[in-house]
Amino acid sequence: MAPILTVTNLTKKFSGLVAVNDVSFSLNQGEILAVIGPNGAGKSTLFKLISSFLRPTTGKVTFEGETISGRAPHAVARKGVVRTFQEATIFKALSVRDNVLVAHHLRSRAGLAGFFLGTTRARADEAEFARSTDDILGFLGLKDLADAEAGSLPQGHLRALGIAIGLATNPKVLLLDEPFAGMNHDETMRAVQLVKGVRDRGVTVMLVEHDMPAVMKISDRIVVLNFGQKIAEGTPSEIQRNQAVIDAYLGSEDESIGI
Amino acid sequence: MANRRSALTFLGAASAIALTAALALPAFAANPVLKIGFVGVTSGPAAAWGTSNVRSMETLADMWNAAGGVTIGDVTYDLDIVTFDDQKDPKLAIQGMEKMAQEGIHYVVGPNVDDGAAAVRPVAEKNNIIYFPYAFPKELYTAPASNAVLGMIANYQSGPAIYKYLQDNKGVKTVAFLAANESDPLSQRDGGVAAAKALGLEVVADQDTYANDTTDFSPVVTPIVGLKPDLLVLSGVAPANAPLIIRAARELGYTGLISTETAQDAAVLKEGAGDLANGFISVGGASTPEIRSDEMVKFIETYTAKFGEYNDESNTKVYALQYIIDTLKANPAALENVDEFKKTIDGFSAPNPYLKDPEAKLSYVGSTSFGQKRQLAVPMVVNEYQNGEFVTLFVGQVD
Amino acid sequence: MMSDRLQIIGYAVFAVVMLTVVPFFTVLAGRNDYLYTFTLIALLSIASAGVWITFAIGRINIGQSAYALVGGYVSAILVATYGVSFWLSIPLAGLFAACIAVVIGLPILRLRGVYFSMVTLVSTEVARLSALALPITKGAKGMVNLPMPGPIAIGGITLVPDFATLENPRIAFYYVAIILMLITFLLVWRLMRSRIGQLFVALQQNEDLAQSAGIDIARLRVIAYAISSFLGGVAGAVFSAVSQSVYPSSFTTQDSINFMLNCFLGGLGYVFGPIVGTFVLRFGWDLLFQAQRFQLLIYAAILIGLMLVLPNGLLSLIPSRKGAKR
Amino acid sequence: MEQVLVNGLYLGAQYALIALGLTLIFALMNVLNFAHGQMYVLGGFVTYTVYGQWHLPFPVALVASAVSLALIGALLEKFLFRPVIRRSKRDESTMLLAAAVAFLFDAIILLVFGEKGRGVPKILNGVLNTGTIVIPYDRILVAALAVVFIAGFMAFMQFSKPGRAMRALAQDRTAAQLMGVNVNRYSNFGFALGALLAGLVGGLLVAIVGVNSGIGGAISTKAFLMVMIGGAGVVGGAIAGGLVLGMLEAVGLTVLHAYGDITYLVIFASLMIFLAIRPNGLMGKPWG
């Protein structure tokens, strides 16, 4: 498997504090990679660096051979690297369908003026987006709720809608920010299946997560951060046996690696 | 849905109130009613300007109506003053003038500021309205404009007289100007600077401005006080600001003279600056006890009884309505036809009831400044504030 | 939510009424003053529509007066100094305002909430002070005695007569303002119905999420702000012709606040909110003219009352299915 | 130049006090109180009436201003702002309400107190003149009182129970509620306190600059500027913003006095640039 996205010597400092320190790894086409680590390990910062919501102090992120770090987030998304957000980040006042429809925008071939004038190309775009939206809503089990105001959805569906918004952009790499946080066991298992389904649609997935059992179940490979540095990388079974990882998690009291 | 119902009920009630207010007619009067309009500012920071206009007009109207009305030609009318607050907004000033046209009014006092006066011109000319602005731009009164009549002495008329007097009598050699950063005061300042230079005075500051909403003037006057001019001119100063500027300048150690070319109010000066305002020079109408007639005294008493307190700005503003009515009396045809009014203007002359001097006359002037008679001849009384009262320095005339 | 078809029919009826019935009856009733009131309402609602668009992207714009003032001056300078036709000066004034909006908007649109509001509030003051200080605007003296709009003729056929020759130019200005208003709101409605409107709402809801979905939020924000300012410029240009003058104080902070109030009062969720809000506020002021010195008091009390019973705007009285509406 | 700095400091102290109440209400309720300036004017007229007309001692007048405005603030919050916040779909609605309240106050003030500028007898006579600095004693007293009030307010917010509750509320409304803070009660209390501060500073400044019925809107705008410079919703920011604006005006008016017409243009334009560069002011919390 060829790397689709590569992180090279990535470092981010916040006024002297090093949040991410010289991290390198790569993401292979079609895999599910999880980034884990104790609280404050720098997972969120790394996540924002890759999606370009933050600019690295040094180092770079390349996607399909092209440097994407330092570019505007929307430009990175257009390249095919799309992130989701923690918790219920959706367009609350729009209907579920419109949430997904609007996220199709980067795929449009007609310009803004075209949409205003309603040109043939814009109408073709709209028709295609509508089809794609139906497809995505069906895939995520949101079809029946398509006309509901998004803000009124229950928690589980909100998470699915967040992923639907991500999928609408037709990403090559989907970055999921704690997709299982706050879910009970059953919900998590359903979500795990969902993420696997996303991968089966040909989308490479990278996720940042706390829920160890879910991570072990879902990931092809795992990268472990501690104090901003990468301390391990490997398959779930390798990570479970890695002494450095065990020490790191034992050192922090609030979490267990679940072995 | 109870919510929507209560909303509808509220809307209904509100419109009912508005309608009642709109339809409420003025009390029945024995005589036919002659409406005279006012469009100007009676709210906001400049409210004092328009309010003194409105109150002067209402006081005069009350006095005359109580005495049986005013007789123009063969008919005796009761006066009704119709007022519109333009909030110092030219857009509303036009709306106000349209309202006046709608009410069939041909004579309107106001607006109080330059932009409003310029904006209402098209409406006034289309609807045959003669209006009496308290704004100084010469374009308003110079041909081809013909429907505006300046209601007071312009600063470019009083300024030179005051500066000349101070130059001759108080040895003034250097002058500094201070103006609010707004159209009217800035224009007046530029006129004042030109006048001072023409007299050979040295202008040491002609660029100092302040925001009109300034409350504390120490930082504003500090640089000027440092220049130690003989005379500090407050161009177009709002009555509420004058005492604050005077106080700030005096407390910072300024010892020269301070003057302005607009009308001020002694009570405001007294409260705002106290003794520090002594020696402050301004322009009034028929103000000081030395020159005012019994009629004027009666006017002040009626005004005070009606509104609780007099405003010295009304010394000038009392004239507009007097002129309108007296000119109409001189030519009743002008009631419906303002061209008749314009014809009457040129030769008009009537006794001035507000001055003791039996020779004092009301007449239209402005030939020198505007090339046509488009200004009320108001006595140019230059005052000095002393311990809560204005004392006459000298009385001038405008032609 | 009313269907598109219903809305179009409703708007067409409104347009016909405004173009025929209203002028007919005001002239018949001899209420010439209302013609000006309606003209003013139409112009102010155009400017308010601009403010409404910035609301649609989640920005509270208290700076529309700056652009109205710019538009007024651009039109006045073009017409009076360079002899350009007034009709051509309207779009030019709008475009000039839009260009300034792009330059200013790029940095300040990064601000959110009250910070953006305050910067826009300050920009009104900057525009006023610039008009006072610049030589081309004639400073404090303002630009007065502007000519009336000239004729439009194509191939010898006079489409629009010279306003100076008209017996009653008020009715002519009424038509100019009303037609511009009708066009403006039709376009804004179309804009909000299109994908662009959906994108605007997405921006208003969550800029980060929109960005992560590949939407170029900086560009969209500037576009929205430029359209908004264009409308402000147009309104200002026409007003300078109506009053035949423009002063640094022709549009002030108070107007900026009023534009915002118009939008609020009509309802931020409704494209036609600004028309309704402007109409109620301005016409209310007009009716209260009889109340004389209690005018402001009654006006403010009614405004507060409306806020209490209808915090989501007057148009929220119209029943709507579900929450989604625009 | 010393004189200019003294002017700036003095102006800054009174501005800071004006900005405090505004920022408090903003921090607690996310309401940009357009009526802040009108509250200031009301406070001024109360002191004018009590001290200037009834000739009671100045401190009594100040207390009267503070208490009456606190009462007005509490009533406004309970009967106007709270219901509207509860029922409105968008936060901005409170802005309209505040603007309408500002209109209402303007109307009432004009009807009750008239259109004239008002002043009161000096509270202290005499001028301190050191040769380089000239400053009247009453200004020194007012500036000192302003500093005392600011310090008192900060101590109150820091050490008292209501102060701590309000700070928690400003930090995070939901979290504060979970921690058992009575949100309604302290919103009400905070609004009243904000109004009290406006009234207090209005009353205080009557002694120096008098009061004028139409000045409210301008005061509000100025207070907004200070709050923006310092950073919205932060007490320290309001104080810093007040001082900065005071200094800017004092220094700007002197340095640019030869170009008078553009002084404020320069101040405002630099403000826009500053905010574009530092979107949250000197120390504000980020929005949203």
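Read from first to last, the chains carry the letters A, B, C and D; within each, the first residue is number 1.
Everything below uses one rule, namely that a residue touches a chain if its C-beta (ideal position, glycine included) is under 8 Å from a C-beta of that chain, and two chains touch if they have at least 3 such contacts.
Note that this is a predicted model, so its numbers are computed, not measured.
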| item | value |
| --- | --- |
| Shared interface partners, meaning chains that touch subunit A and subunit B | C |
| Centroid comparison with subunit B (C-alpha atoms), farthest chain | A |
| Mean-CA-position distance for subunit C and subunit B (Å) | 33 |
| Intercentroid distance (Cα basis), subunit D paired with subunit A, Å | 46 |
| Set of subunit D residues in contact with two or more other chains | 106-107, 110, 217, 221, 261, 264 |
| Sequence positions of subunit C contacting 2 or more other chains | 129, 132, 254, 293, 296 |
| Pairwise chain contacts, counting only pairs that touch as defined | A-C, B-C, B-D, C-D |
| Residues of subunit B that touch subunit D when the two form their complex | 42-48, 51, 181, 186, 205, 207-213, 215-220, 222-224, 238-241, 243-244, 251-253, 265, 267-268, 271-274, 308-309, 311 |
| Complex contact set, residues of subunit A against subunit C | 51, 53, 72-75, 77-78, 82-85, 89-95, 98, 101-103, 105-106, 108, 112, 115-116, 118, 122, 126, 147, 149, 151-152, 165-166, 168-169 |
| Complex contacts: residues of subunit D adjacent to subunit B | 3-4, 7-8, 10-11, 14, 52, 106-107, 110, 114-122, 127, 129, 134, 136, 139, 205, 208-210, 212-215, 217-219, 221-222, 249-250, 253-254, 257-261, 263-264 |
| Subunit B contact footprint on subunit C (complex, rising order) | 30-33, 35-37, 40, 44, 129, 132, 139-142, 144-145, 168-170, 239, 242-245, 247-250, 252, 254-255, 284-293, 295-296, 298, 302, 305-306, 309-310, 317, 319 |
| Contacting residues of subunit B [partner subunit C, same complex] | 3-4, 6-8, 10-11, 14, 17-19, 21-24, 42-43, 83-85, 87-92, 94-95, 98-99, 101-102, 113-115, 118-119, 121-123, 126, 137, 139, 145, 181-187, 190 |
